[in-house]
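You will see two complexes here that share subunit A, one where it goes with subunit B and one where it goes with subunit C.
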Partner chain A sequence: MNFSNLLTSLVDGLLIGVVYGIAAMGLNLIWGVMRVINLAHGVIIALGMFGVYLFFSTLGLNPYLALLLVAVLGLLLGVLIYFIVIARVINAPYLSTLLATFSINMIILGLGTAAFTTTPRDSGFSLGNVDLGPLTLQGTRLVAALVTILVTGALYYFLYRTRPGKYIRAVANNRAAAELMGIPSDRILALSFGIGTMLAAIAGGLIATFFSFTILSGDIYQQKSFVIGVLGGLGNPLGALLGGLILGVLEGILPLAMPNTWVPVIEFLLFIIILLVKPSGLLGGRQ
Partner chain B sequence: MRKIWLNPGFWLVLAIVVALGAWPIFQQDAAARETGFTVLLAIVMASSLNIVMGYTGYVSFGHVVFYGIGGYIGMYFIDSLGLPLPVAVLFGGLSSALLAFLLGKAILRLRGAYFALATIGVNEAARTFVANFQPFGAATGIELQFSVYKAYGGALQALWLVYYGVVGIAIFSVIFSYYIKTSKFGLGLMTIREDEDAAEVIGIVTPNAKTWAYVLSAILPGMLGVLFFFKNGNVEPGDAFRLGFSIESLVMIMLGGQGTVLGPVLGALGYQRLRGTLLTSDLMIGSLPLKDFQLVISGFLMLLIILFIPSGLVGWLRQRFATLRRVLA
Partner chain C sequence: MKRTLSVFFTLLVFASLLLTACGSPASEPPAAPAPTEAPTKSEEPAAPAATDAPAPAAPEVQTAVIGFTASLTGKLNVESTRQNNGFNLWMKQVNDTGGIKLADGSLVKFESKFYDDESNKDRVQELYTKLVTEDDANFLISPYSSGLADASAVIAEQYGKVMITTGAASDGTYKKGYTLVYQAYTPASRYLTGALDALANADPNAKNIAIIHENDKFSTDVAVALEAYATGKGYTIAMNEGYDTGTTDFAPIINKIPAGVDAIMGGGHFADGQQFAKSLFEKGVAAKYIALLVAPPEPTFVEIGDAAYGIVGPSQWEPLAAFTPTYGITGADFVAAYKAVYNEEPSYHAAGGYVAGLILQKAIEDAGSLETEKVKAALDAIDMTTFFGGIKFDTSAEAHGLQIGHEMVFVQWQKDSAGALIKQVVWPLGGKTADLVYPK
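The block that comes next holds the complex of A and B.
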């Protein structure tokens, strides 16, 4: 193993890691604002993949333009899911929200399997390679990481500088107090859920530009999102980015030292250990 | 001494399970036996998970881990050490109990959704670890030699033998479930479900009670795992640690009514019947067969139950008809 191999794996890992991070950010936002663990997250990631794939392969749309459409559709889908399902169980015990989001997962997965079957798809899209000194990087991955950073920046601007964003943070902080201040909490919760699913759809769309996938692929990325979310601290969007980077680096570096199949074992052990030792995550405060 | 045999609710649930188990034996029919296998497996999984979820109020997505670990240990003992099936079944149950004890000590400190997430992590960690673990055959798993079945009078006889074992465990599981529910220990668990801090204040040693509930819920799935993988002749990581199986058990409990003895039994029966009917149906929706929509229909049904009857069938009946509360345990 030489140095340039190591460096390439490291940078590749980082580039993928931020994309994982953005999926986890959606999960974290939803948990942070409404204390719901969204078990339909994975299948929405998969829908994002199919969205970009279908716009690109059937309509010939540029994947990044398609991504914009997918993001809007993801937001709308989230708002719809919130008003049909989540709003009814948001005050119920957490088992109800877990199972409610899981049943949404089953419904979308069932429809998706019937419509798209489970044969692997590949967008076949390429931006060539970019040479940076000793590094050779795939263009699509580089752009995906850039898009992610752009989206994260936009999310932060939205949450901290705009009025709806401040409303979201207020509702996350204390829903009852926010309602007393005249914030329409129902609409704000719907918006938060929508942004959460939008981030999942964007992550899916980005992944579709460089990995092949099936309708079932969402599951893997959902579990990665859990690991990342717990690493960075559930409810902390910036923590998700950090968690994503950590996971990405692990996935880049570990295969150099051990068989590839051991990587998920390490990941899930790390997940359990973090949950036990510091459930508030690496960036979380003391409980 | 509580006289549980005086309660009609106990006899009702026992009669249902005995009737379900005995039907294929009287018929001596292989197809009925296969249906019996899936229904009884579902009943045991749902009833045992109900001890943790329904009585204690801790939602576990990793119940199938005990089925998988028990199954793997048992298969390893049969295949590599040549132990007889009953001994392997016993060891399967014991190893699941031991795993539950160790896990319980660690992750039962977490509450609510954090516990639920940790159980998903445990399931995935177990699955990916076993898929790399050479003594258990790594990704390909363990496959039994066909000659193993000779000791039990051939493959056909062995199948019936396994079936009797499964019926026995299923009957035991509902008696067990009823006994725990009416015991002082069970009352302690239900106190934890209602308010864990209050339970601690009135003198329940909650960490111990939770750990024992977890251990007791793990034994029977571990024993069943051995029987089922012995019947199939092989075990693979994907089958042994299928997350979906845990979640199906949760759905069955929700269908029937969590925290009741009868609920998981009816839920398991109902879910498996529905699934069987959908999977073998010839109906078409447009150009697609109905069986492609099995997942959609199950998901939709589950959603309706969570939104409108969260206490499940038995819970709903108990709330609606006061006189039924004596009969439906």
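The block that comes next holds the complex of A and C.
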């Protein structure tokens, strides 16, 4: 293992880690605000992939412009899912919300498989490479990292500096008290779920600019999102970004010292250790 | 309103489950299926025109039944249907030209009996038993895929019927002591050895290889066989590592590739192979030669654009391959006939179906009989070149019926004069349409 290899692997890990972070952020936000484990998270990531792919390949729209449309559609889809399904079970035990989101996952998977089949797609989009000394960085991954940082900043500005954002935090802290203060909790929860799915769709759209995918591809990111959520702190969006970065760096560097197939073993071992030692995660759970 | 929405939601869940169920094999076997009618039926020769002279006695025409199962439903539907199409085309052509003449002067025409196996291994043995015991099949063709073919082979052997396997590359089936099962495809253990031969031909000084493969059985078997072959030829294996099925981020494993590697070989299936090739390109890996399993021959591989350039991949058959057959029709004639009937370009699955019939035809002609023992002896002696490539079987007790004459065809994505990416056959030299671009 030489320094150049280590540096390259570290940077590759960080670049993929921020994308893992944004993928986990939506799951974390939804859990933090409404205590719902969204098992449709992965398939919405896959829909984000198809959204960018279809806008780019059929309409010739720039993928990053398409990402804006996909984000808006993701928000609307989330609000729709909330009012049709989640609102009916949000006060029911966890198992009900788990089954409800699992059903949404199955519906979208079934329809998506019928519409798109499971043949892999590739956008064929490239921004070339950037050479920085010993490093060769892919343009699409650099832009994905920048977009993630921008989205994270915007999310924090929204949550801490705007009235709807403060409402979301208030509902997350104490829904009954927020309602007593005149906050329309139902609409705020719908907005929160919408933002969560929007973040998932954005993550999918970014991934589609550099990886091939199928309608089933969101599953792996959903699994990683759970690990990241536990690592960074379930319910804390910034924790998701930190967890994503840690996971990305582990995936980048560990293969230099051991067979690649051992990496998931280490990741899930870490998942169990964090659950045992610090169940609230590194940043202490929802804030 | 709430009730209506609940009903609507429930219906959506059912619709989704139905759609999911349509893509997977049924677990409940249906009751005694009726044999599916072959899409093409043999036609009786036209009656000769009446003349005053006494007509010579018409040769006796007998019908040989070929039994098989096809995956008309389930996950193997597409490949199996194409294999079925290829086989039916062969049968139609033989019957249309009057059949095969036997040693006693009689003619043999063919009739197929087949059932839908639902892409389900559990159904295969039951249906092949039925084909032999109730439908009196004279010969058997395997279903598509190594798993289903392996399940069917034991029935052929048990009931003493000759079986030609096609769409099945696994070596294991032929190492179980069977004596009546013959493989049309190149076995998995030789999937990438030809790629190494092509490299040796292009650059005898290239000696440093990295093998990076998917961690499933098929790809690992190929990699193990490749490593043994390469080591035997004096190559150095600089790296041999697997990656998990479903891997999308290849950067960590690419960062491990040692400097100075001449060739990278391996891969697995389509999705990972395509992504691996793309990542190698994006990371600017300087290997002179890259050969990957399964993905490169697929037309949609080109979606990755310039990353596809120079990538080599094995295929059982390619329409482009310019073999000169010593038996049967040419590749061009097969493509034209197939397109005329099915209105699509034939895949190697279709060619595999056709060649299974062709092998049987050659064996029956050489044997001059439909008797199993005579046909088996003829199959053991076959050594021919067809439009599909060479056909010869291992006759040793250890691997009887294993295909040893057929070589994989290796395609490489190259650029035409207009700069567009096109597939060319670069190996074996006997079937090449262009020289290997080396270094890529």
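Things worth noting here:
Keep in mind that, in the parts below, the second predicted complex is superposed on the first by the 284 of 287 C-alpha atoms of A that agree within 3 Å, B and C clash if a C-alpha of one lies under 4 Å from a C-alpha of the other, contacts with A are read in each partner's own complex, and residues count from 1 in each chain.
In the analysis below, contacts are C-beta pairs under 8 Å (C-beta built on N, C-alpha and C of every residue); 3 or more make two chains touch, one makes a residue touch a chain.
Not measured: the values here are computed from a predicted model.
Of the two partner chains, neither subunit B nor subunit C is touched by A:Val277.
Once chain A of one complex is fitted onto chain A of the other, the partner contacts of A:Ser96 are limited to subunit B, with no touch recorded for subunit C. Once the two complexes are overlaid on the shared chain, A:Ala176 sits clear of subunit B and of subunit C alike.
Of the two partner chains placed by the overlay, subunit B and subunit C both lie in contact with A:Leu109.
Within the superposed three-chain model, A:Ile37 lies in touch with subunit B and out of touch with subunit C [touch as defined at top]. In the superposition on chain A, contact is made by A:Pro264 with both subunit B and subunit C.
In the superposition on chain A, contact of A:Val85 is made with both subunit B and subunit C.
In the superposition on chain A, A:Val230 makes contact with subunit B only, while subunit C stays out of contact range. The contact surfaces that subunit B and subunit C form on subunit A in the two complexes overlap at residues 85, 88, 103, 106-107, 109-111, 113-114, 259, 261, 264. Across the complex, subunit A is touched by residues 2, 5-6, 9, 12-13, 15-20, 23, 215, 241-244, 246, 248-249, 251-253, 255-256, 270-271, 274-275, 278, 282-284, 300, 303-305 of subunit C. For subunit A in complex with subunit B, the residues that touch the partner chain are 35, 37, 85, 88-89, 92, 94-96, 98-100, 102-107, 109-111, 113-114, 223, 226-227, 230, 259, 261-262, 264-265, 268-269, 271-272, 275-276, 279.
Within the complex formed with subunit C, the residues of subunit A that make contact are 5, 8-9, 12-13, 16, 84-85, 88, 103, 106-111, 113-114, 119-122, 124, 126, 129, 136, 138, 210-214, 217, 220, 251-256, 259-261, 263-264.
Interface of subunit B with subunit A (complex): residues 53, 59, 106-107, 109-110, 112-114, 116-118, 120-122, 124-125, 128-129, 131-132, 139, 247, 250-251, 254, 288, 292-300, 302-303, 306-307, 310.
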